[in-house]
Amino acid sequence: MVTVKDLAKMEDLLLKGNAACAGCPIGVALRTTLKALGRKTIMFVPACCTSVVQGIGPGAAISVPLFNTAFETAASVASGAAAAAEILGKDVTILAWAGDGGTYDIGLQAISGAAERGDNVLYICYNNQMYSNTGIQRSGATPLGAWTTTTWTGKTEHMKDMGMILIAHRVPYVAATSVGYPDDIYEKVKKAKEKKGFRYIDILAPCPPGWRFPSDMTIRLGRLAIETGFWLLYEYEDGELRFNGYTKLVAEGKREFKPVEEFLRLQDRFRHLFEPKRRDDILEEIQRWIKERFEWYLSLAKI
Amino acid sequence: MGISGVIEIRFHGRGGQGAVTAARLLAMAAYKAGFKGVQAYPFFGAERRGAPVVAYFRMSKELVKLHSMIKNPDAIVVLDDSLLDVVDVTSGLKECGKVIINTSSPDKVKEKIDTNKFKLYCVDCTSIALDLGLVIAGIPVVNTAILGAVSKVIGIPVENVVDAVKESWRGSVAEKNAKAVLRAYDSVKEVS
Amino acid sequence: MSGRRVIIDTGNSAVAYAVKDAEVKVIAAYPITPQTTIVEKIAQFIEYGQMDAKMIRVESEHSAMAAIIGSEAMGVRSFTATSSHGLALMHEMLWYASNARLPVVMAVANRTMGPPWNIWADWGDAMADRDIGWIMSWAANNQEVYDFTLISYRVAEDKRIVLPAMVNLEAFVLTHTSMPFEICGEETREYLPEYDPVWKLDPDDPIIMGNLFSPADTMKLRWDMWESMERAKKVIAEAIREYNERFNRNYEGLIKTYKMDDADYAILSMGTIGEEAEVATDVLREEGLKVGTVRINFFRPFPREDIIKTLNGVSKVIIFERSSSIGASGQIMQDLGQSLLLEKMQLDVNDVFIGIGGTDVSYEDIVNVVKKAIKGDLAPLYWYGSEGW
Amino acid sequence: MPEDVNKYLPLSKPKIGISGKTGSWRIFAPEINYEKCVKCHICVVVCPEASILLEDDRPKIDYDYCKGCGVCARECPVGAITMRRER
Amino acid sequence: MSGRRVIIDTGNSAVAYAVKDAEVKVIAAYPITPQTTIVEKIAQFIEYGQMDAKMIRVESEHSAMAAIIGSEAMGVRSFTATSSHGLALMHEMLWYASNARLPVVMAVANRTMGPPWNIWADWGDAMADRDIGWIMSWAANNQEVYDFTLISYRVAEDKRIVLPAMVNLEAFVLTHTSMPFEICGEETREYLPEYDPVWKLDPDDPIIMGNLFSPADTMKLRWDMWESMERAKKVIAEAIREYNERFNRNYEGLIKTYKMDDADYAILSMGTIGEEAEVATDVLREEGLKVGTVRINFFRPFPREDIIKTLNGVSKVIIFERSSSIGASGQIMQDLGQSLLLEKMQLDVNDVFIGIGGTDVSYEDIVNVVKKAIKGDLAPLYWYGSEGW
Amino acid sequence: MVTVKDLAKMEDLLLKGNAACAGCPIGVALRTTLKALGRKTIMFVPACCTSVVQGIGPGAAISVPLFNTAFETAASVASGAAAAAEILGKDVTILAWAGDGGTYDIGLQAISGAAERGDNVLYICYNNQMYSNTGIQRSGATPLGAWTTTTWTGKTEHMKDMGMILIAHRVPYVAATSVGYPDDIYEKVKKAKEKKGFRYIDILAPCPPGWRFPSDMTIRLGRLAIETGFWLLYEYEDGELRFNGYTKLVAEGKREFKPVEEFLRLQDRFRHLFEPKRRDDILEEIQRWIKERFEWYLSLAKI
Amino acid sequence: MPEDVNKYLPLSKPKIGISGKTGSWRIFAPEINYEKCVKCHICVVVCPEASILLEDDRPKIDYDYCKGCGVCARECPVGAITMRRER
Amino acid sequence: MGISGVIEIRFHGRGGQGAVTAARLLAMAAYKAGFKGVQAYPFFGAERRGAPVVAYFRMSKELVKLHSMIKNPDAIVVLDDSLLDVVDVTSGLKECGKVIINTSSPDKVKEKIDTNKFKLYCVDCTSIALDLGLVIAGIPVVNTAILGAVSKVIGIPVENVVDAVKESWRGSVAEKNAKAVLRAYDSVKEVS
């Protein structure tokens, strides 16, 4: 396991003075990812906050080759690049780096195609659970009840389970992690790097303006999501599902999930669930969903 | 160069401070004051909280057919005096143009604005906001207050500004903002 | 909902109000800068009970257009809005809407196509759809945005037409710029009757849309679209006339002319550049140059006859275009070209590319170019500013 | 690509400070109390802006770019970082 | 692989052979009638070891274009092929290829856009992409299909150009029609050197493609595309000349003229209709009418100068178009219009829509129309056969 | 359970004299489906063999309203129609009817979107495991080893598991059935009709020209697929997975799956696995995959 | 839609025999041996062409449209249907 | 009407019978025989096995610039005599045009073709195919055999047809098909 001290020493390939908001989770997720992958990486980034974070050309806040691509094409452009890398005999990591909108919604089909074909692509979704670049609209990853500018009174559906969809594709590697745990991100990216074929990592990425919390809480919320079971830490590797970190402790009965309210209350996107009138119906449904989903995962982890 | 009868103002603020809203409220007020042609628009980037931003305002007795950027404004409004160190706020400002700045230190500001070329007006909106409890996420809301100062300096009746504010919010928020407008209207001072 | 009143808000807001006043029942849309606030506002209307409609928060623009094709085929008035890459992504479905004769209406926030990413104004996104049977208008201010949207529904659904319509508004200069505009509120009802589709999917009268057709039959269908679009010139003029009367506006028709009566030189353009050109026209007139402006409000059907008529007698036309057909000319130039050819008229023309990629276009820019053109100092195809590159 | 024929490509090169000295966006500034600091380097790892550097094993804030988000202060296990209002 | 030899096979087969001879390394494609047999044949070449390349069997055309954009950006010569709905679905990515300056080549089997479903020939699918910076050729027979594909790679990759290229072949009339064509085999190597990209993604020299650019910078990029496309006229002519010399062909250039030297009347068209028109020309000549034919081989860049030159002195032009810009005119007409306007030339023109939806176009049809046009009996914009509808 | 005699009596809404090949599985699947749904059904059909089967306009071999739509849009057009039906207060079944290409590949994203939103659509995929309309190209549903005109030497990847992907979406109803069992099709369609929200049924549809078998074997192969475990009969209903028919018997230990070879040998698309040289590697991999997949399903069925 | 303005829509109406008398495509024709037939109606249900009708509980082949696929013969549980070469 | 020097043939068959392949093989043969311009193409529908299909063939000493459908063929080739009851095979056929039919009952065929207007040639390709074991999925392969008859009637050297066949298949399949061609060449008979 990598230590914080190791991580701190590694070269940063995401450059400071970029255009991200203060407290942006992309900073944490991408810095860490590029530490795990190193310079022999080529990035494919669809429209998302990461496109903006790079700043205005002809300069860019990133030190690896990067192709900014159309919103729905991270996986497919990467598929082509992976084929080219094979033709050229180049030893590089082809990294598709996309937001949840570009992954759960508009980019899903290209992912599914690449996954089915087994294209040699590492796909990472930094998941801030909405379209932040266009100003906070709902995505397939937005959780039930969350306010966005297209769900003013709260989203009426649960988030899509992208990890499970990828598991259903039986790709060599699927993992879920969180900005709350840079070391977990590092380990998972590192492991994925070493595998061939289509690999998927979903990084929960609490976003201050999108989730409406103060910018210093990014990491904290990334942890609370795990501690409440709102998000799970797991790996699916060569057909087997395993939990990590706090999630693993809960699976082993060593810990319990905290009430999800502890997580929700800190975000103003959920404020309408608490005031002016407490929405127990929705709060309970979220809590129920957490339980049911975890059980579903547990049942798979057992085989 | 400029089109006669059109008054043009540039707002400087920071991402999250509401410069665009200020420009739009001013447009509403100006319309109420009989200016048939009003326009308010942001400089269109992908601005992050804290980063310097710009918004524009036009008004005229006639319909405004202009859609281009304002290059030579008649006035400048600065929501945050710390911007003076980061941005050249008076760039393009007409000779004798007006500069309205939210600041608690008019003296320091005066050092940075050439009062021989421009007319400088200062107003302490931050104090007004803090005083009225107009604070969001720890940051004082100054974009409505400063409109009071603008109304005075540019000559749009302050009642119209107050009305615009009241149309845009409800209840106590509206009240507080309206009060802020009036206080700034009363307290703005030319510094020369 | 109430009656007419003035609102000071953005072009996007004007679209949303028009959609509300048109009593649209199904909206499917996907966010994209600078269109997003249209969708947000409509979502707000619906969620806060100010509008009785269903909003489908689709997973892509392709599905947005597909979904409203589905709802419109069921006989329900439908709407979407998009921009640039979103428009390009739904391109296939635009053919579908027009070829299936479904009079949906869409607002397009004209934005530059990438790469590189650029969120600013450019007409090129919509231009790529000018062949395929959509009525296309270009607004120059928020009042036009609102009005053209309502007029579009009226014309699109007219039983003599039955073609979809696109209302174009430029990125930021209109979408995000607040201006006063008057909405019609409930009075819209008299102007725009309840949607009465010419065909729909109904188990009581099973119709199959779009199975394989022979070449000969297909060609007839296309010809009918052509004829319907030609007819639209008249129908749009009618619809505008009635709109003027009811709501006290004074639109001229498919084009707007400004000081053309005695003009020696004509500026030809669209959208905000066309309106900015009126200011330039005034300036140039002050300098003693007999300049006039022709602004295209409806680009499809292309108002050939109106344009030819107003340009008759002019000695020079300077076209200002915010897009180009690379390897040919500007798109307005192409259609002016075919028009003049068909009407056997010859004119001295300059085609100027300006405002591309969202660059600012001021009346001063226009004034300078026109003066150069009049002097004969301008290349026939001219990229504004390119001498410096 | 030969300069003379195709100068204009949509390409960028890596650049620090692409959005300028983003330190100016800051309202609050972090301050490290080195007395308290236990050199765990958590702040270095969690800084979204990559603007805490290591100097002789000590964390050092690059105020030119630190946006003042406060994450470092929040995550420092010993409370060695405090946020101070700048403007 | 061996040298030059004649093959008797379909136009689709000709595409596949050209792709093989061009030593393309990455192919991504999706099936669609009538393009499918191109992909099938390439898959066969690869799977049976006759071609050393990777084929990505993508899940949609959008991904097909996206994938070859990815491979081309890595510096590898790439190819795709599609048709009609497939082309429309990848529309957004076509902008991407040209704006990112990636010289990919694509074959398009021109087919009618639905609904209704119709699998037959129509140029309209490709026409919708004529603005966006793609070089576009239209073949009239399988030899041209093969040759234009190779020439396209050569021109697209030329460092003075660096734009993608589209080779158009009409549905069935070419795609599924067997004719003799000579392939160049290994000799292609001398004509088409190994791909040497002007930019690529390479960790040794990190480049970021396509982040946000300012309006001013974006406009310059577009201008450069415009200039490159203009330049392409010369580069294509060069490339054709060398091709002629090496492989013993006799292409004239961006257009092909037939009996134009002394022509009073000119037929202007493209593709198979353009070639069928040569037969009509012979027939009309036999009847004593001084007719000639101009066939556009490269529609983008639009060969304005060549066309103007050959039409000079002609008293009438009859354009035959297998597509229309609904609400305006045919697309060739538009560009002839702008061309004549720019060159300050006036001509008597008829625009004839024919073959739309895959209807058959025989030389007799052309003969009849031309005779009518010469008599002055033809509407300026005429839908062939419409009097009967 | 509906009887054959019942089925035989019901009105046919697919009309004879259509343009299908002799022995076409669509005939069986669609006839049966429309019997279950009745005339109050509106169909949305993307490009596929069913588009062609209707014949050339202005007539069509179908008696319910039908919208032929773009290849990738069955689900999204249906979403719009479902919204309209709700607005109109119309009691109709909105039926998206698509091939596997339009479902597993190019139409997948629209399905996922509609599923996540819970749109009131019944989506049925008749799955002939390739693009038959364009002349037999591989799709995501094509099984390992199968010849197609884009996989001349046999497909190198396993089929995508669309049913599992839909289950991962947690929609109210997912079922897999086969043309071999018209009564099973009927029952599942009927059940799906009665539910609200997004419902998915995958009907295995052996296609004589595509799979290369004599046209009289359509039904037979539809059964053998089940009997060998190559395809499973199941329903996922309100969170629970259940098997049906032969699959159920195997799950209960009352039967065994037959060797998959019995199924493969009858189809010339797999001929190259047997001659000129037997490809044990691939045959074993298919057999292994059947086992593994069934176990995966079993593990879910248990919860 | 009023005839005079918009006659040309891409619409179809349901029609039996849209591809003509598809019985002519047939090479083999099914023949039911009613002696053997047990009236199970399986053939009716499995016929892909919907061209076996029920007449007084007896299956009856509509030879105008039967394409001769042979499915009925293959699936008849008692072998009551045989395929006979027609051409 | 017609273009001099161009010979045009229409093939009638059923989906699955290979009419298109036949036309293409004939084009290959004609090219070998010195016809620089050859063309073979299907009538483009979505044909199902058993349904009537049509293919076209053109040849000329010069390059063929025609791309239109053949309306008035010089000859008709019918792969399956049962088509005579379903399709009007001689439609558009030139006066004195040739009709080449695969049939085992020339007499019955004669009743259906107007031998006063057209020249009728019959050949029993089905028997030839069955005899040579040219059978796929129970159906005799007649599309190559009939080319032997066409070659005789139209005047393309049969060696060229045989060569075309041998280029298109390998081994025993090629041999059998070549034999079929020669047999049909020998056995085709004019019926009048």
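Worth a mention:
By letter and in written order, the chains are A, B, C, D, E, F, G and H; residue numbering begins at 1 in each of them.
Please note the rule applied: a contact is a pair of C-beta atoms (placed from the backbone, for glycine too) under 8 Å apart; a residue touches a chain by one contact, two chains touch by 3 or more.
Just so it is clear, the model here is predicted, and its values are computed rather than measured.
The minimal number of chain-to-chain contact steps leading from chain B to chain H is 3.
Note on connectivity: the fewest chain-to-chain touch steps from chain B to chain C number 1.
Shared contact partners of chain C and chain D comprise A, B, E. Set against the Cα centre of chain E, the chain with the most distant centre is B. Chain centres computed from CA atoms place H at the largest separation from chain D. The centroid of the Cα atoms in chain C and the matching centroid in chain G are 52 Å apart. Distance between chain centres (mean CA atoms), chain E to chain G: 46 Å.
Spacing of chain F relative to chain H, judged by their CA centroids, is 40 angstrom. Distance between chain centres (mean CA atoms), chain G to chain H: 32 Å.
Residues of chain B in contact with two or more other chains: 46, 48-51.
Among all residues of chain G, those that touch two or more other chains are 8, 10-14, 19, 22, 25-26, 67-68. Residues of chain A in contact with two or more other chains: 19-22, 51-52, 54-58, 60, 62-63, 68, 70, 72, 105-106, 108-109, 112-113, 116-117, 133, 140, 214-215.
The touching residues of chain A, counted against chain D in their complex, run 4-5, 7-9, 12, 14-28, 31-32, 54-63, 182, 208, 214-220. Remark: chain C residues 6, 8-9, 34, 119-120, 140-141, 170-174, 176-180, 272-273, 275-276, 278-279, 358, 360-365 touch chain B in the complex. Chain B makes touch with chain D in their complex at residues 14-15, 48-52, 80, 82, 85-86, 139.
Note for the complex: chain D touches chain B at residues 19, 22, 24-27, 67-68, 87. Touching chain F in their complex are the following residues of chain G: 10-22, 25-26, 40-42, 44-51, 54, 62, 64-65, 67-71, 73-75, 83.
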